[in-house]
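Here come two complexes built around chain A, the first alongside chain B, the second alongside chain C.
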Partner chain A sequence: MDQILGNISLLIQFPVVNINIVLQGVLIGAIFVLAAYGLALVWGVMNVKNLAQGDFVIAGGYASWWFNTNLGLPALLGIPLAFAILWGIGWVIYKLVIRRVIERDLFTSLLATFGVGIVMAQSMNLLFSADTQSLRLDYDSLDFFDNLVNLPIAKLVGAITAVSLAIAVIVFMKRSRMGQAIRATAQDARAARVMGIDTEKVYAFTFSLNAAICGAAGAIIVLVWEIQPFFGMGYSIRSFVIVTAAGLGNLPGVIAAGFGIGILEQFGAHIFGISYQQAIAVLLLLMVLIYRLAQQRRNRQVLQ
Partner chain B sequence: MSVKPIAIAAAIATMMSYSAAANAAAHSKCAELKIGSAISLTGKYTTAGAHAKAGYDFAVKKIDEAGGVKIAGKCYNFKIIYYDDESKGDRGATLAERLINQDKVQYMLGPYSSGLTKAIAPITEKYKIPMVEAEGASRSLFNKGYKYLFAVLSTSEQYLASAITLAAEMAKKNGKDPSSVKVAIAVENDPFSLDIRAGVKEDAAKFGMKVVIDEKLPRDLSDMAPILNKVKLLKPDVLIVSGHSKGAATAVRQVAEMKIKVPMLAMTHCESANVIGKFGKDAEKVLCSTQWSETLSYKDELFGSASDYNKEIKAAPGSAYANKSVPYQTAQASAAVYVLKDAFERSGSLDKDKLRDALTKTNMKTFYGGIKFSAAGNNIAKPMVLRQIQNGKYVVVAPSAFAAGKLAWPRN
Partner chain C sequence: MNKTLLYIALLIISIALPFVFPNYTISLTAMWLLIIVSLTWDMTGGQMGYNSLGNIFFYGTGMYVAAITGISMVYDVGQYTSAAGGGINNFTATQYFSGLGIGAVAAGIFCAISAVILGYLLFGLRGPYFAIGTLGVAIAAGELVSNWEWVGGGQGVSLPVYPGDLDEGKFFFYYLFCTLGIATFIFLKWLYSTRFGAAINAIRDDEEKAEAMGIHTLRYKLVTWSIAAFIVGLAGAFSGYQLIQFEPLETAYQTINLGIFMVVCVLLGGKGTLWGPVIGAILFHVLKEVTWTYFLGWQWVALGALIVVTVVYFQDGLMGWLKHVRPEWFGERVEQKPGSKPSSASQAEAAQ
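Moving on to the complex of A and B:
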């Protein structure tokens, strides 16, 4: 308790630190947004809650890391490469597993994707070993206010890439033929089929796109943090929290919630200690669920 | 048509069985002596588990080449039966039961990590199976009155306590009172790291130092910026980090990224995290605790000197260490196998209780250091070593009796 009070008083004593914490939260939140957006896509279009989301992220990180360490490609090139490779992996997983569980109940798809996640984590463990890995961009850190606020340029580059990719995907969904088909399928798959949309193709595309987005997010994560084959769960949980908090189909909500969770985690870690950083995400999920339940009861809606 | 593939398959099978028989004949003049071990081949301790296994296997091979284990005039070769404990305690305990009850193993080598050892020790104790372990350093393993547990390594509260002594020395040298030193601690929430924390706090209290940060790192750590933020504000003189290899990697990376200035940065697992290779100059002047260093002047009959051991395991075919330094986790695993050989030869019997009695009387000088067990089973003949990264190399700086170099201080 003393420690918690001490930590809060630090925030008051050095107000500049708050800026730093918010900044770190925003920079990392941008990456959470990316993974969460992918989840929202799959969830909304196919009603599949993908528990392997985090493992896609980690796989993307390893893809980028592998190209950099084995072929000496520039670290930033790893982002499009991870996007492409995870697209392929996502497509294979869709054809092998997801296709068979799409029409089943919620529990089956949860179990199936959970299984996919375990298989992926273990495969990465066998392929790349359990060492933590990271890539370094040889950029300096900018510092302000007597080094109380740091802005590592690598993190800035990561966040900007994440935001640009998110914008690209949003434009794609709005403008392109495929994007329209995806949105149509999300609204009513049966009607879309009647109108001549090949929903099977739409599903495969959506799932691959999600894997690819996660892959790119992972390729950014490996630039700013560490990855390890078994770190996927943390990103899965964060994605779920963000999507649940924002609500399906609420894109601005996803973005706001992503940044919010980034910032809250950093504040939580500062005040309660770093071991509670992820607990804060889970606590948030709980609170959101309780709130939503209460809201639903008021509106007399039913859960599907 | 259909005969052909079958014929080919049969031919291949015959060839394979011949070569297998030939292989078996080549090196089994000695009988086989089964030892069991649950080891982490998957899960969070995969890397460290692989180091331990490499150490076990290397020692088994060395003993084989040196003529096996001689027990009452007959010769034996160790054969280790491994199971993957998935880095989980309950799994490790199940596997220990399986090794003992199904594989009829009479002697065990330890798993990786204090947590796993803690899970397995009650089982080996129940069946009175002697277990020599090399990777569980938590002192809580040695206050339970276990009679069949023997550990070749120094207990974990000693790991970084010497960094505190060093900080006190530096303070004195600069005309300051050691009690003015401020200590920051960031350790993972597991038995091993919590022991380190206890050792550090104990020694800090001895000097009257103030612990200004005392935080626990999560298991899946990839960001410790919140702690480093506080380091910036509270300006401690020593920062202690212990979180296995991910803790070392994260700390070195983010300390550089956030331009943290702290006179002394001490951590564990620098070698297994390969901080020199990965972070280059950012890892300079980091203090790393180690059970063992290849530059120490220890030696024995089987492995030669510490540097011989280092050279040979690097040169072994298919060695994982061809181009990175050999971590102490590997060396101590080899030492554990050596201790078993020594005890078997002294007991002159395959009886597990006689082996256990022989183990209690162990008093060896090995390439890894002196080995002599206390009544509780921990090794009391070997000190912990503190090394500093200087110009991309590990230089022993403490304890001063073995120190090859001088401490560079402050860090920046």
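Moving on to the complex of A and C:
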């Protein structure tokens, strides 16, 4: 308790520390936005809630890490490579599992993807061992306010990559034929089929794209933080927090919520200690759910 | 008459099992645990239509409450847990059994109350939101308990060993779980035959209509979940004493092990039936033991794949399949075409 009060008073006495925490939160938030955007895409288009989202992220991280340590490829090249590999993995998982659960009730897809997540996490554990891994970019770090605020350039590069990937995906969704087909399918799958859109292809494409986005996010994470086979659940939960808080089909909301949870988590970790980070993410999920529930209850409705 | 014989035979088998396979007593105890948690999961998941992924919360909480209650009757808890494994576990037989008994009751009641509180917060969530919300509760509880030094933090708690012969202890816990399992089964068999059972089935089929028919749905949901929580809390309490040493994330709040196994067991056996969870749990336990033996190292991957296959390809479960093939066994009348022979599956389908 004393420690918590001490941490809070530190924040009040040295306001610059707040800037540092906000900055770290924004940098992490950029990654969360990517994973959550992928989840919102799959959720909106094919009504599948993917609990293996975080495991895709971690798999992308391991793909990038493997290429760097075993083949000596430059670390930044890992991002497009992870994108490509996870595209393939996503496609295989779509064909094997997801295709058969789209039409079923939502609990089925939730449970099936949970199983997929277990298989992925355990396979990674066997293939790459349970140690945490990371790649270090040997960039400097920018310091401000007598070293109270520091901004590692590696993290900045990671965040910029994440943002540019997000922009690329958004432009793709808005402009390309495939993006249009995806949006049409999301609005009304049956009507889209009638109009001659091959919805099966759209679904496969969407799920693979989601996996690929997550893979790229993982490749960024391995550059600036660290990965471990069982870290996936945390990212899945965070994606759910963000999408639930933002509401479906609300892109600005997803971006705002992503940065918001990044910042809140950093403040929480600073105040309560780093070992509470996972707990904070989950508690945020519960708070968001209960808040949304209270909102619905006012209209005598339920969250479904 | 036939049914009574069947039940008596099953009862005799469950009592005789540890004598027939004395080397597998621990594994058989684990099977009973799986049956208990599957049966109680089916109360909300199968009969009421609320798929919880967080029933493991009650298992872990029961484990902790029972252990802390048992310890606090003899020692100061903070001192005891901080010395974890440091040697102060001198419990007399009386202290041990009263700790287990009172601890288990306390665990059950605590879990039932927490189910009511959580239910007030979460029962407005439907479908997948309820599943994710309850999963969140279980994960959050595990993370918070692993940061709580008073109850041993991430290291968990170590409890006294069974006072007496080690084999006797194994038998003791087998019959403890066996009794709880049979009691749960009989209780649920009775419960599902009452108006209460009909009411929760109505909630599953159409909650709005059930509400319109005058069923106080929230009250029914809270009662159902707290009964389930009570039983799971007892099972958790017994498990804690059986395991002796347990820690928060991998044993008590084991979200991805037991927490997901119970759901798979129910799906494997057949959702919303009385026998489904039992059969599913036995089948799953056998499959699990086989994978553990033959897929060394890859057992988890095999088990995850089993979950996916069950969910995707075999979701109606064994009972659902039987119901489809032999509807007359379930008391469903099959209209026969005049002149056709009775009790043939393909004809039954054609007649429908």
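Here, the second predicted complex is superposed on the first by the 298 of 304 C-alpha atoms of A that agree within 3 Å, B and C clash if a C-alpha of one lies under 4 Å from a C-alpha of the other, contacts with A are read in each partner's own complex, and residues count from 1 in each chain.
By definition in this document, a residue touches a chain if its C-beta (ideal position, glycine included) is under 8 Å from a C-beta of that chain, and two chains touch if they have at least 3 such contacts.
Here the structure is a predicted model, which is why all the values come from computation and not from measurement.
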Partner chain(s) touched by A:Ile28 [first = chain B, second = chain C, both, neither]: first
First, second, both or neither for A:Lys49, with chain B first and chain C second: second
Which of chain B and chain C A:Ala168 touches, first, second, both or neither: neither
Partner chain in contact with A:Ile227 - chain B first, chain C second, else both or neither: first
Touched partner set for A:Ser275, first chain B, second chain C, both or neither: both
Touched partner set for A:Ala130, first chain B, second chain C, both or neither: first
Chain B versus chain C as contact partner of A:Leu285, first or second or both or neither: second
Partner chain in contact with A:Gln122 - chain B first, chain C second, else both or neither: both
Partner chain in contact with A:Asn7 - chain B first, chain C second, else both or neither: first
Contact residues of chain A, present in both the chain B and the chain C interface: 122, 125-126, 233, 273, 275, 278
Interfacial residue positions of chain B with respect to chain A in the complex: 42-47, 50, 186, 189, 214-218, 220-227, 229-230, 232-234, 245-246, 249-250, 253, 257-259, 273-274, 278-279
In the complex, chain A residues that touch chain C: 49, 97, 100-101, 104-108, 110-112, 114-119, 122-123, 125-126, 233, 237, 240, 244, 273, 275-276, 278-279, 282-283, 285-286, 289-290, 293, 296-297, 302-304
Residue ranges of chain C touching chain A (in the complex, touch as defined): 51, 53, 121-122, 124-129, 131-133, 136-137, 139-140, 143-144, 146-147, 256, 260, 263-264, 267, 297-298, 300-301, 303-305, 307-308, 311-313, 315
Contact set on chain A toward chain B in their complex: 3, 7, 10, 13-14, 17, 20-21, 24, 28, 122, 125-126, 129-132, 134, 136, 141, 143, 147-148, 150, 152, 154, 225-228, 230-231, 233-234, 266, 269-270, 273-275, 277-278
